[in-house]
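One chain, chain A, appears in both complexes that follow, with chain B as partner in the first and chain C in the second.
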Partner chain A sequence: MSQSPMPQSKIRCLLGMLGTDVHSKGIRTLAQLLRDRGVEVIYLGEHNTARGMINATIAEDADLVGLSFSTATYLHYTRDLMEQMRAAGLGDVPVMLGGLIHADDEPALREMGVRGIFGPGSTMDQIVAFLQSATGKTLPSGISASGA
Partner chain B sequence: MSVDSQVDTQDADLQLIDALARGELRIAARLITRIESGDSSVASILSKLHARGGNTTVLGVTGPPGAGKSTLVDRLLQQFRHRGQRVAVLAVDPSSPFSGGAILGDRIRMNQHSADEGVFIRSMAARGRLGGLAVAAGDALQVLDAMGWDLIVVETVGVGQSEIDILRHAHTVVIVQTPASGDAVQSVKAGLLEVGDIFVVNKADTAGADRMQSNLREATAFRADPHDPACWLPPVLKTQATYGSGIDAVIEAIDAHTHHRLTHPARWAQRLRAQMRVLLLEQLIDLQRRRTVEDPAHQQRFERALDEVLARRCDPHTAARKLLDASE
Partner chain C sequence: MSGDGQDDALRAAGIQAHLDDVSVKLSRTATWSGLETKASYGPEDVAETDYARDLGDPGEYPYTRGAYSQMYRSRMWTLRNIVGYGSPEDTREGIENALKMGTAGINVVIDTLSQEAIDPDHPILSADAGQEGCSLPMVSDLEILLRGIDVTKTDIAWHSTMMTYPLVAAMATRQGKDLSQLQGSHMPDHLQLRLGGWSEAIVPAGLGHRTTVDCIEYSAKHSPRWALGCPQAYDIRERGMTAAGEIAIGMAIINQTFGDLIARGMHVDQVAPSMAWVSTSDIDFFEEIAKFRALRRVWARTMKERFGSVDPRSQRLRLACHTSGRSLVYQQPLNNLSRAAVQTLAALLGGVQSVETCTYDEPICIPTEEARELATRTQQILANEIGAARTADPLGGSYYVESLTNQVEAEALAMLAKIEAIGLIKAIEDGTIESLMDDYNYRHHKELETQQRIVVGVNKYMPKTSTLPKRFRFDPTRMTAHIERFKQRKAGRDAQALAQRIDALYRIARRRENSHQAMIDALVADATIGEVWGTVRCANDLPYDPFKAIESPFTYTKP
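Presenting the complex of A and B:
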C-alpha cells in the first residue's frame, strides 16, 4: 500500500432515499463509486423518514447528506427534510440531490437550501469536486474509479 | 504548556464530560470523529474518561460477512428496548485497502430504530489502522460509556486479528455463524472460538444447521470442566434473525452470562486482566509505530533503512532493531 497509514480526516457522507421510492440502483452505484474515491459512505438505503435521517446525520457526525429520487415526489420530501434539518440545528450540513431531477425544479430546490444537484449526465468528477468544496476536506488523489 | 492553558484544558474537559453525561449526542458524535481521525488532542479527555469508565456492560457481536450480525443486533435491540433499556451501538466495518473509503451499511438493518431516542447507532470504518483499530474502537466505547447508556453493543466483522481484538472490550461476546460457514474444521476461525461466550447459528432454516450446531458444541466442549463450577460453557443456539425466531434464547443466554460474570468476580478479574494486557500491548505497538514510521522526522530514516533492506545490505530484523534504537 503506497498510502500513509496515518488515520486522517475523511469525508463522511450519508446516502439515502426518502419515502416510498425503491429505485435504488443509482444510489447504490454512487455509494460504490464514492467509496472508491476514498469517501466513507454511511448507506441508509430506501424508505427513510426525515427524522431517521436527521438522527443518523447527528450520530454519524456526517459531513453532508445525499438523497436520490426517481419519482416526482422530491420537492415535497426535500422541503420537509430541509425544514426539519434546520429545526434540528443541522442547517449547516450540505445536502445534495441526485436521480431524475428536472431542470425546471432546480431554482426551487436551491431556494430550499439544496447545495448540489446532480441529474442525469452528471459526472463523478463533478460530484467529487462538490464533495470537497462543500466539506472543505480533500480526498486522496490518483485513485481510479475501479479502485485498482 | 502554561498553567493557565492547563486550567483551560481541565475546564474544557470537565465541560465535555458533563455534556456527555447529559447525553448530548452531537458532542459525543464529534468527539468520536476526533478519535477516528487520530486527533491527539483527545488524549487528556480520554484519560479522564478512563478514570471514570467501565460502568456500562459491553456486548460484542461478531461473525463472517453476511452471517446476519446486524439483523441479529436489530432483533436484540427490539428486546432490550422492550425491557426499557437504552442502548448504544458501535458498528465497525472494513475500509477499502485501495481507496481508504468505505460503505457503512449496518444502519439499514436497524432502520426500525432510526427514530428511537433510546437507541444510538454509530458506524466506524477500520481505516487501515493495522493494529490501532481496537484502540480507536475502545476509545469510542469510552465515550459511549460516559453517556450512561444501559448497554453498549459493539458489532464487527470477525475476519482479521484487529477486528477480533475489538472484542476484548466486551463483557459478553456473541459469535454468529451460518450453516454455510464451512465444515467442522473451518467453521470457526481459530481465535474466535476462544473469545466466544455465546455461539449462534443463524439462518437455521437452511440445510446443515443441526450439523453446524453440533460441530460448534463439539468445538467448544473443551472449555467445559465438570469439576470447576466457575467454568462457563458457551451455549450454541439456533436463530432465524430475519423472522425473529430464537431471539429470546439469545437474550436469556446473555443474561445468564452476565449473571455468571457477576457471581464469579475472581474469574472475571482474570479475564479482564488478560484482555487489558493485550490492549495495553497493542497501544504500545501503535505508539512505537507512530514514533518510528509516521513521525516525519523519522520517515526519512525509515525509507533509508528500507533501501538498505531492498539492496540486501541489511536484513529486516537488524534494520528494525536499528530503527527502534534510533527512536529512543
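Presenting the complex of A and C:
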C-alpha cells in the first residue's frame, strides 16, 4: 500500500509544577531534552494552580501535560488536577508525572487516571516512547516507532 | 551451533557481565565540575604560589589554610542535624529527640509554605502546610515551638530566609527581651531563593535583594550577636553549578550586598564578622577541598582589598556546610552512607566550622530516626577513628590540591567578572544565571547518558534488588489542629490595632524604606507572615497572593 507522507503536527507538551514545590531543576532539564527530540514544549515553571494549568492546556492546545513533584503532596495535587481536568472536558488529555514519585504510590496515581509515571531511574527513551504512544503522534526523528 | 556451545557462550557472557559489574575502573579524568586533571602534579605546578601571599598559616591572612590557627583542636566543628515537620508541637518533639541523639544546638527547617511566606489556611495550598518543615505562620506558633527556650541565651540555627528574623525578633519583643542580646542565625539571602525555584512570582530579584539588605542592615544594628548564613550558596550549587560557580555566584551576591550596605553608610566590618558562607560538600573529594580553600582566599582578599576591611574577623571566612543532597541517589540508597561519609571528610579536611551530614534516605523521604542516627555516627567515626580533626589543612602543600585550589579560584574569578559585567540583578532577571544552571544540568545529564560520568546504581552497576527504606510518616492530627487554631487566632485578634500596624508597614514599604521594624511591629500584633509579606508585595505593586487566590483583607493608605 502506497502511503504519502502525511503532514503531521508536532507533539505539544505542557510542563509545569503545582503548589509550593520549588524543585524545578529536573523539569527544566527535561524541557530541553524533549525539545532536542522535536517536542514542542510549553514550559510553565513553578507555582501553578490547577486552574492555571487547565487554562494553559486549552490556550496552547497541548497534547499532553507533564508534572514534576519533589515534595510529598503530589497525591493531593494530582487528584485535584485530574478532577478539574475532567470537569473542564480535558479528561482525555494524557497526564504524566515525574520527580520523586514513590513506587508505593503508583497504583493510586494510575487509579486517578495518570498515564505516565517516571520516577527516579526513568530514561528519556521511556518518556519519548510514552509521548508517542499517548498522543498517537510520531516524533520527527530518533526512536520513531513507525519507521519513517 | 550445538546446544552445549550455546550454553557455554551464554555462561561466558554471564561471567563477563558479572566481572564487569564488580570491576573498578578509572572512568573520568576531569573533576566532577569538569576541570581536567593530570596523571600527577609536581613543584612546577605550584611554582607561582607564594606561601605567605597565597596560603599563609592556618588562622593567618588570606586564610586559605583555615580560619583558625589550631583549627579543630581549639574549636571542634559543630555537628548539626536539621529538624522540622508538621506543627510546632511536632517539630518541638523532633528537636528533643535530636538533642537526645547528640546534635549540638537546635537547627530548624520550616515548611514549604512558611518558606514562601504563605499562610497555612491558603485556599489552594493548605496541603503543603507542615510539609518538609515546621509550619510557623505567627509569633504564637514560634512561642509553642520554643516554649521554655530563651532566644537570648540559646543558639538556634534557622534554615530559612523569608520572615525568619522578623518573627524571632517579634517574639523576643513580645517577651520583653533585649533585641541586642538575640542569639541564633538564619539565612537572609533572598536572591538565592529567586534562583532556587521561588522564581520571580514569589521573590522578584529586585525586591528580594532589597529585603536581604534591609534584613542585614537591621539585624547588624539591632542584634549584633545574630549570625547570618550569607550567601546561601548551597542551594545555588545544588541547583546546577560547578565548584567554581558556587564561589562565583556566592561572591557576586556578597559583593552586591556589601556594595549596597556601604551605600547606606555601613562599614564592612560591622557586618562581615557575623557572616558564614553556607556551602555544600559535593561528591568530588579533592575538588571540594580545593573549593573550600580557594573560597577562603577569595573572601579574605575581597573583604580587605575591595571593601577596605581592617578587622581580621571579617576577612576570616567561616563555613557552614551541609553535604550534597543532589549527589545522593534513590537507587540502592544505603550507598549514600558512603557518599555522605566521604563528603563529610572533604568538608573537614577543607576546614569547615559546622557540618550537617545528609541522611542516606534523603532522596526517598524526610529522614527517619535511624538514618539520622547513622548520620551522627558518621561524623563521630570521622572525629574519633579516622583522625579528621587532628591537624589543620592536612592536604595543604600537596602539589595536586594546591594546583586544584588555584584552578578553582581562577575559574571562579573569571565567571564572577562575567556576571558583574552584566550586573548581578540583571543577570538574574534576564535569565543569564538560570541558563548557566540549565547548561550545567543538561551537560550533566548528557554525560550520564553517554557514561562519560558514572553514578553507581544510576547508569552503571545497577542494584540487583530494589528494596527501599521505610518512609517517614507523621500523624497529621496535630497539624490539622494547628491549622484550626491558626484560623481561630486570626479571628480573635484586635482588628483595629492590626490594621494600623499593617497600614504603617505598607506606607514604609511603599516609600522603599527599611521595613523590618514595621514588619516586627505587625508580627507582635499577631499579623501572620502571609499578611506581612503580602502587604510588602502590595506596596511593591505585586499581587498580595502570588497564586492570586486571595485578595488583601486590608485597606492601605497611599503615602
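Keep in mind that, in the parts below, the second predicted complex is superposed on the first by the 133 of 148 C-alpha atoms of A that agree within 3 Å, B and C clash if a C-alpha of one lies under 4 Å from a C-alpha of the other, contacts with A are read in each partner's own complex, and residues count from 1 in each chain.
Criterion: a residue touches a chain if its C-beta (ideal position, glycine included) is under 8 Å from a C-beta of that chain, and two chains touch if they have at least 3 such contacts.
Note that the structure is a prediction, hence the values are computed from the model and not measured.
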Using the superposition on chain A described above, determine whether A:His102 touches chain B (first), chain C (second), both, or neither.
second
Quick check on the superposed pair: does A:Gly136 touch chain B, chain C, both, or neither? Answer first, second, both or neither.
neither
Taking the superposition as given, does A:Gly38 touch the first partner, chain B, the second, chain C, both, or neither?
first
What is the contact status of A:Glu60 with respect to chain B (first) and chain C (second): first, second, both, or neither?
first
Have a look and say if chain B or chain C is in touch with more residues of chain A.
B
One more residue to check, A:Ser24. First (chain B), second (chain C), both or neither?
second
Pick one for A:Thr73: touches chain B only (first), chain C only (second), both, or neither.
second
Give one of first, second, both or neither to describe whether A:His47 is in contact with chain B, with chain C, with both, or with none.
both
Starting from the residues of chain A touching chain B, keep only those that also touch chain C in the other complex, and list them.
32, 45, 47, 49
Of all residues in chain C, those that touch chain A in their complex:
112-113, 115-116, 118, 124-125, 127-128, 131-132, 196-199, 201-202, 239-240, 329-331, 363-366, 434, 437-438, 441-442, 445, 449, 458, 468, 471, 546-547, 549
Considering only the defined contacts, which chain B positions touch chain A in the complex?
25-26, 29-30, 32-33, 36-38, 95-105, 107-108, 111, 114-115, 120-123, 125, 127-130, 132, 136, 289, 293-294
Residues on chain A engaged by chain B in the complex (per definition of touch)
1, 3-10, 12, 31-32, 34-45, 47-49, 51-53, 55-56, 58-61, 89, 140, 143, 147-148
Residues of chain A touching chain C in the complex:
19-25, 28-29, 32-33, 45-47, 49-50, 71-73, 76-77, 100, 102-104, 119-121, 124
